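First the structure, which I've put down as structure tokens, then a few questions once you've had a look.
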Amino acid sequence: MDRDDMADKVGLPPGTVVHTGIDRTEEVTISIMEFADGQMREYVADCIDDCSPPPSLNITKWVHVCGVHDVDIVSKVCEFYGLHPLVIEDIPSVGQRPKLEIMPKSVYIVLRSYDITEDADRFHSEQVSIAFGENFVLSFQESPVDIFGRIRERARTQDSRIKTEGPDYIVYTILDLLIDKYFVVLERMGDLIEDLEDDLIEQVSSDILTRIYRVKRSLLAFRRHIWPLREVVFKMQRDTQQFVDQNMQVFLRDLYDHVIRVTDHVETFRESITGMLDIYLSSVSNKMNNVMKVLTVISTIFIPLTLMASIYGMNWHWIPEIEILGAAGYPIFLLAMLTVTTCLVIYFRRINWI
Amino acid sequence: MDRDDMADKVGLPPGTVVHTGIDRTEEVTISIMEFADGQMREYVADCIDDCSPPPSLNITKWVHVCGVHDVDIVSKVCEFYGLHPLVIEDIPSVGQRPKLEIMPKSVYIVLRSYDITEDADRFHSEQVSIAFGENFVLSFQESPVDIFGRIRERARTQDSRIKTEGPDYIVYTILDLLIDKYFVVLERMGDLIEDLEDDLIEQVSSDILTRIYRVKRSLLAFRRHIWPLREVVFKMQRDTQQFVDQNMQVFLRDLYDHVIRVTDHVETFRESITGMLDIYLSSVSNKMNNVMKVLTVISTIFIPLTLMASIYGMNWHWIPEIEILGAAGYPIFLLAMLTVTTCLVIYFRRINWI
Amino acid sequence: MDRDDMADKVGLPPGTVVHTGIDRTEEVTISIMEFADGQMREYVADCIDDCSPPPSLNITKWVHVCGVHDVDIVSKVCEFYGLHPLVIEDIPSVGQRPKLEIMPKSVYIVLRSYDITEDADRFHSEQVSIAFGENFVLSFQESPVDIFGRIRERARTQDSRIKTEGPDYIVYTILDLLIDKYFVVLERMGDLIEDLEDDLIEQVSSDILTRIYRVKRSLLAFRRHIWPLREVVFKMQRDTQQFVDQNMQVFLRDLYDHVIRVTDHVETFRESITGMLDIYLSSVSNKMNNVMKVLTVISTIFIPLTLMASIYGMNWHWIPEIEILGAAGYPIFLLAMLTVTTCLVIYFRRINWI
Amino acid sequence: MDRDDMADKVGLPPGTVVHTGIDRTEEVTISIMEFADGQMREYVADCIDDCSPPPSLNITKWVHVCGVHDVDIVSKVCEFYGLHPLVIEDIPSVGQRPKLEIMPKSVYIVLRSYDITEDADRFHSEQVSIAFGENFVLSFQESPVDIFGRIRERARTQDSRIKTEGPDYIVYTILDLLIDKYFVVLERMGDLIEDLEDDLIEQVSSDILTRIYRVKRSLLAFRRHIWPLREVVFKMQRDTQQFVDQNMQVFLRDLYDHVIRVTDHVETFRESITGMLDIYLSSVSNKMNNVMKVLTVISTIFIPLTLMASIYGMNWHWIPEIEILGAAGYPIFLLAMLTVTTCLVIYFRRINWI
Amino acid sequence: MDRDDMADKVGLPPGTVVHTGIDRTEEVTISIMEFADGQMREYVADCIDDCSPPPSLNITKWVHVCGVHDVDIVSKVCEFYGLHPLVIEDIPSVGQRPKLEIMPKSVYIVLRSYDITEDADRFHSEQVSIAFGENFVLSFQESPVDIFGRIRERARTQDSRIKTEGPDYIVYTILDLLIDKYFVVLERMGDLIEDLEDDLIEQVSSDILTRIYRVKRSLLAFRRHIWPLREVVFKMQRDTQQFVDQNMQVFLRDLYDHVIRVTDHVETFRESITGMLDIYLSSVSNKMNNVMKVLTVISTIFIPLTLMASIYGMNWHWIPEIEILGAAGYPIFLLAMLTVTTCLVIYFRRINWI
């Protein structure tokens, strides 16, 4: 799921639009919102022409496409807004590295949305593409379940800022939502790591090792998608004056700050996991040490005793102890065994082995 | 305590003021100091209007709010001074990354205060927010116990510089105090690490492993809060000419120097801890080696002896040693055992195993 | 194959053209394509003069040389287009670091082409050199099998963009193909690593260790060739305005993006492999622990029992248990043995050793 | 000794002069040298006024203070030359990070002097502060034994350059001496590391581990003081044109070069020590392996033999071997034992265990 | 050999010329080549005056000094050409870090020459100093065997470029030769590493560990001398326009490229060696695991059998098996032993221990 399917595209001419990733058969749904003079109109596109650019610069149109596996629809929507062929190629080609591309009349952003799934320590992630210009926002997601439902809901309320601000603010709220969701993922990862820590200190089972490894892998994948975001948000702050209002700067700085916090946490988690592996290794060694001690103590106590017993089982003609001690021999022998055992036990106590 | 609660805020519109972190019920207290013409007036705010901006530019007002869980109070105080909604959102949202935000009429700084607690190797830390402008300083802390008591005390003395210098100097003394407290934390950590080192060299117990791990975690958390401070102080030095007097530069450079020293120490501690883990692993291996040696020595000496004893316990019709040696057999056998034992002991001495 | 043969060249004057790498005897074939006014002429060079520069600036000529072991041919082709002696020296000297060299009338690029071979976890790679100017593209490869066959095929189709665009577009398609092939290599490496992960979790065999090591080596070699490509593509974007059309910029940015994605994956793979080594080490320790436990359990149970049996095999004149218990002695003894065994088994169960 | 005592200073107003570090009771001695027109006057200060600035710009005065525990003296000397309160605070506050502070009329440098002590693998280090202006040099050291004796001696010779050059040259010779002494420390560390390497390869004792750890700690402490020096010398080269003559540049470059060499060596030493820890761990494992082999060989040979002997000690009514072989039984049994032993020994030889 | 002898120089005035490094007694030989109008004159200097600057700017003079232990000669030769005292100090002070120093009338370069010695995995290296100006090149080496023989030979041929180009070209050929020799060293190191890899996979001997460590040390030393070369060549490219002809730029870029390639290989080798240490550690653990398995298998099989034999060696009055089974007892007992053994062997087969 995480691998690139770019391999299929070797040798195709640049700009060839191909869907990569898991096959999907769901129908593509396109939700449209139009904002003008503080009013909002919302409808689902019936035909592809519903996605055409708004007639005037005063109207801001947000076209949200759920499903990128139908490359025809993606191509047509993008062509309405004059996106570059290479950008159109990128949208259905999931597995992109987060990036921001500035074109003459629009800005293209690609990044990943993360969600936690119910039952497991795996995360669901999909590619989200955003393109915006002076009076439009296009957004694309892979799965049919609307990721931006909460933004849409907020837009429906009376005094929502989304209605009055332009496309730049819509893009900001989208990015803000996506980055806020990273914190949810972080929180879940933190829980997983804390559980691992507790299990680690309590007892060692080989299961822990695979769990550590699995968390580490999720973290590495997450990190690969988060790191380039720093640059994306930074570029958005610095290079998009043409499309982003000056008073959005403080919001973008806040966004940038959040991304840095996410990466900070990811790095701390990485170090924690590395530390846990060391601890695990140490505690396995430690446990083995204890096992060895038990073996050594048992051997050191019982092997000499066995020798003693073997000695008096020999068939020599004349064993003085047996002859001289007579009936007292066996009790004396038991006493001797007891003495040896006691001495060894005391010794091992002293050197802290038992 | 260290985790972000940002997860709760997914999907809320930006600028929504929400308190995150542990729930608190203590009442919020607001201490106010006003400085004018070298005079100082100090009082506790009765109503929120006491926090309003000073009437003239000659008066410097320092409003210190203990408790950020009442978001209403925080919002109102901040709105008096025209802070940006995103800044107002950050103040009660604990778990911020240290940062400095420059706004048209004020500068906002957020960082963490650290304290050592009495009984344990854990540290108490809380978020401190500072906003200052031409004639005011706002400061916010989480807990009800005044962190800046010592500064306040000093301000009460006759010839304190705080009275005559402006808000920039107050902010400097606050930062100086907070950073000085980091050194206390460092010292405590150094003690913990030194104790660990001593314990490590003396003897190995599995307890050490968890202690090492716990110190490492504290250190990583501390480090995550210290590293961004470099940039905060550097930015304060470079970008805040509007609010900071030129002759404060040397003080800020000194501050910067202290922050670097803290990070230097943190890095050295990290390397020490990594080194300790290696040492621990090595010494566990070493100990196991010794255990193994004991086992091997005992086995190598006693197993052959047991074999010898077993041989002369067999029931063969004619065992020449027994028949021929007669009564001398047993003593000669004991002598043989002694010889074998002595040889092995000498051998093991020579190869340094006992 | 991966080693430099530069050692042979110590002390030769600079500019001496020498073929390094494995010896080849295949004949060198030179395929030529000429593009003019949307038309295309394709032929195989009979004599070296067929490679001479096109007569006018309107004609774009692409000369592709398969085989660099005949240094004479390489020299002559290059001299037609006035390449610098040091560049001519680099082309047949395989083992170059990817680089881009800008000369007054042409640009020289050297990089490696990667292919997966059928049967093994090794990769085939060879050096590809590209030189291009205002109306020509020279390309050189080591092996006789045409790497750029797919580009050539595409050029033969009716409306191929290659026919109308200039040399810069041809170079871009070449680079695009080569970088796309890196993704194929990445995918194969990803498969190898995933297989290793599965094998690692299921069971430990010493074979895994050598496989991990081999994948790591391939990865390191691959990485050494990929990293400098970042700079090559970046330089091509920034410094070659003289030869590259302005509207190629977006294509080059896309290329750069792909190279970064390749390096991202390589770094993630590296971390995965490091992680696997840790896991391997941990699981070997773990397994040993289990072996030790078996040994200890067996020894702890049977050695005391053997002692008990040995005791009643001794020849003391009067062993009370034997005398007093009479015929019941042996059953009671067996019962005692059973009791001891049961207790130990229960104990070991409780501490989770069996 | 290495820890900061900054903790004591929490909450004190900035600029408060406090001596930190070990308590000292020695009297402070102040040696003064005055250079004018190639002449030199040298005396020990009787009263603090002897340290006052030279009357004219033609006279260069070097005031060297041995002992910074008397903060009064330090303060007064510094105030003569108008140093900034924060600088005066730094001088007796040992544990500073090396830094260079440029003030309107002087430059302040703080760094550490290192010396090897006779008997141990520890190093003596103390803080050295230097302040210089147009016609004066102030230098401060912690201990009473003059560190700069050799410079002073050289200054007394007839044609010493120190007499004619200005304060910048004096500072250069001081820095040069201190950095030269770092090489002595490096050489000693190199010897310690080489000894460790020899001991490591010859035999493993747990003592080595603590020695490695101790050298590592010294190295880390040394490194913490050396790294910032790069920046100090670089800043001196770049930013102090006001106080440093143009023809001193080449000397400063040389100094910078030396500092880099020191850091290079320190990094190499660090890598060596890390390597040694790996080697140690490997060789402990290796040794354990050998111990285990001995145990296994002994067990594998003697346990079966013991079983054989036990078998013929049983009391079955009819053991055919004993009955049939008669007097030949025992010798045949011994032969069988010998055969088994020989086979096992040969086997273990072949698999290289003995 | 690798250590700095700077320690001896502590406290000497800067510019004092002292020879460090191993003592040499060979006589110093000075070879001189003069180039003018495409003609070449070659002679060995009889007296020091033969080294004086050429009389006119048209004559290029290359003075090559074999042996720097006679500091008088070095000083005099350098003074002819007006080199700075600090440079003259550096030439006989071996152990310099590679650097390039630009002076008003000349450029000074110091670096190391590397050679492989016949019999061992050690490398011979010595310091080479080069100074050049408008019409002269001075070069110094430590050992008496001429390193630049091959360049000299080439200069003697009819149409050598050396005769006609200026000092910059001579310096380039010298640097080119030295860097080409690094590749020879790399090749040898690669061979050593490959041998180690083969030995590692085939079998583990403690000898490998010391070999790995020795290669690592050589590599670290080599790396310390190679890394600064990047900067040296880069500086030569960028800052020496006064002395280096414009058309030398492409040669210098080529040189820079070679240096980067060397450092690339060194880094890859380092990672390989680190990997090998991990593999070694893993395979030692693995081997121990196998040894443990043998021990456990042997113990688990034979200890219970011995117990069984011991049981029937006891002297109880009535052991039912013995009494009831009569003569069939012993064979039945043997059968029981066989059954137990077979079961255990099957079990161990199944869990893959034998």
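Every chain is named by a letter (A, B, C, D and E) in the order it is written, and numbering of its residues begins at 1.
Here is the rule we go by: a contact is a pair of C-beta atoms (placed from the backbone, for glycine too) under 8 Å apart; a residue touches a chain by one contact, two chains touch by 3 or more.
This is a predicted model, so every value here is computed, not measured.
> Quick one: how many steps at least from subunit C to subunit D, stepping chain to touching chain?
Minimum step count, subunit C to subunit D: 2.
> Do the two copies subunit D and subunit E share over half of their interface residue numbers, or under half; same or different?
Here the answer is different, because the shared fraction of interface numbers falls below one half.
> With chain centres defined as C-alpha means, what is the inter-centre distance between subunit B and subunit E in Å?
The mean C-alpha positions of subunit B and subunit E differ by 42 Å.
> Averaging only over C-alpha atoms, locate the centres of subunit B and subunit D and give their separation in whole Å.
26
> Touching two or more other chains, which residues of subunit C qualify?
281, 285, 288, 292, 295, 299, 303, 306, 310, 313-315, 319
> Classify the chain contact graph as line, ring, star, complete or other.
ring
> If you start at subunit A and step next to subunit B, which chains follow, in turn, all the way round the ring?
A, B, D, E, C
> Could you please specify the touching residues of subunit D with respect to subunit B in the complex?
Interface residues on the subunit D side: 3-4, 6-7, 9-11, 13-14, 84, 86, 96-97, 99, 101, 103, 203-204, 206, 209-210, 213, 216-217, 220-221, 224, 228, 277, 280-281, 284-285, 287-288, 291-292, 294-295, 298-299, 302-303, 305-306, 309-310, 312-315, 319, 322, 326-327, 329-331, 333.
> Which stretch or stretches of subunit E touch subunit C in the complex?
So the residues of subunit E touching subunit C come out as 150-151, 154, 160-161, 172-173, 176-177, 180-181, 183-184, 186-187, 190, 197, 201, 250-251, 253-254, 257-258, 260-261, 264-265, 268, 271-272, 275, 278-279, 281-283, 285-286, 288-289, 292-293, 295-296, 299-300, 303-304, 306-307, 310-311, 313-320, 352-353.
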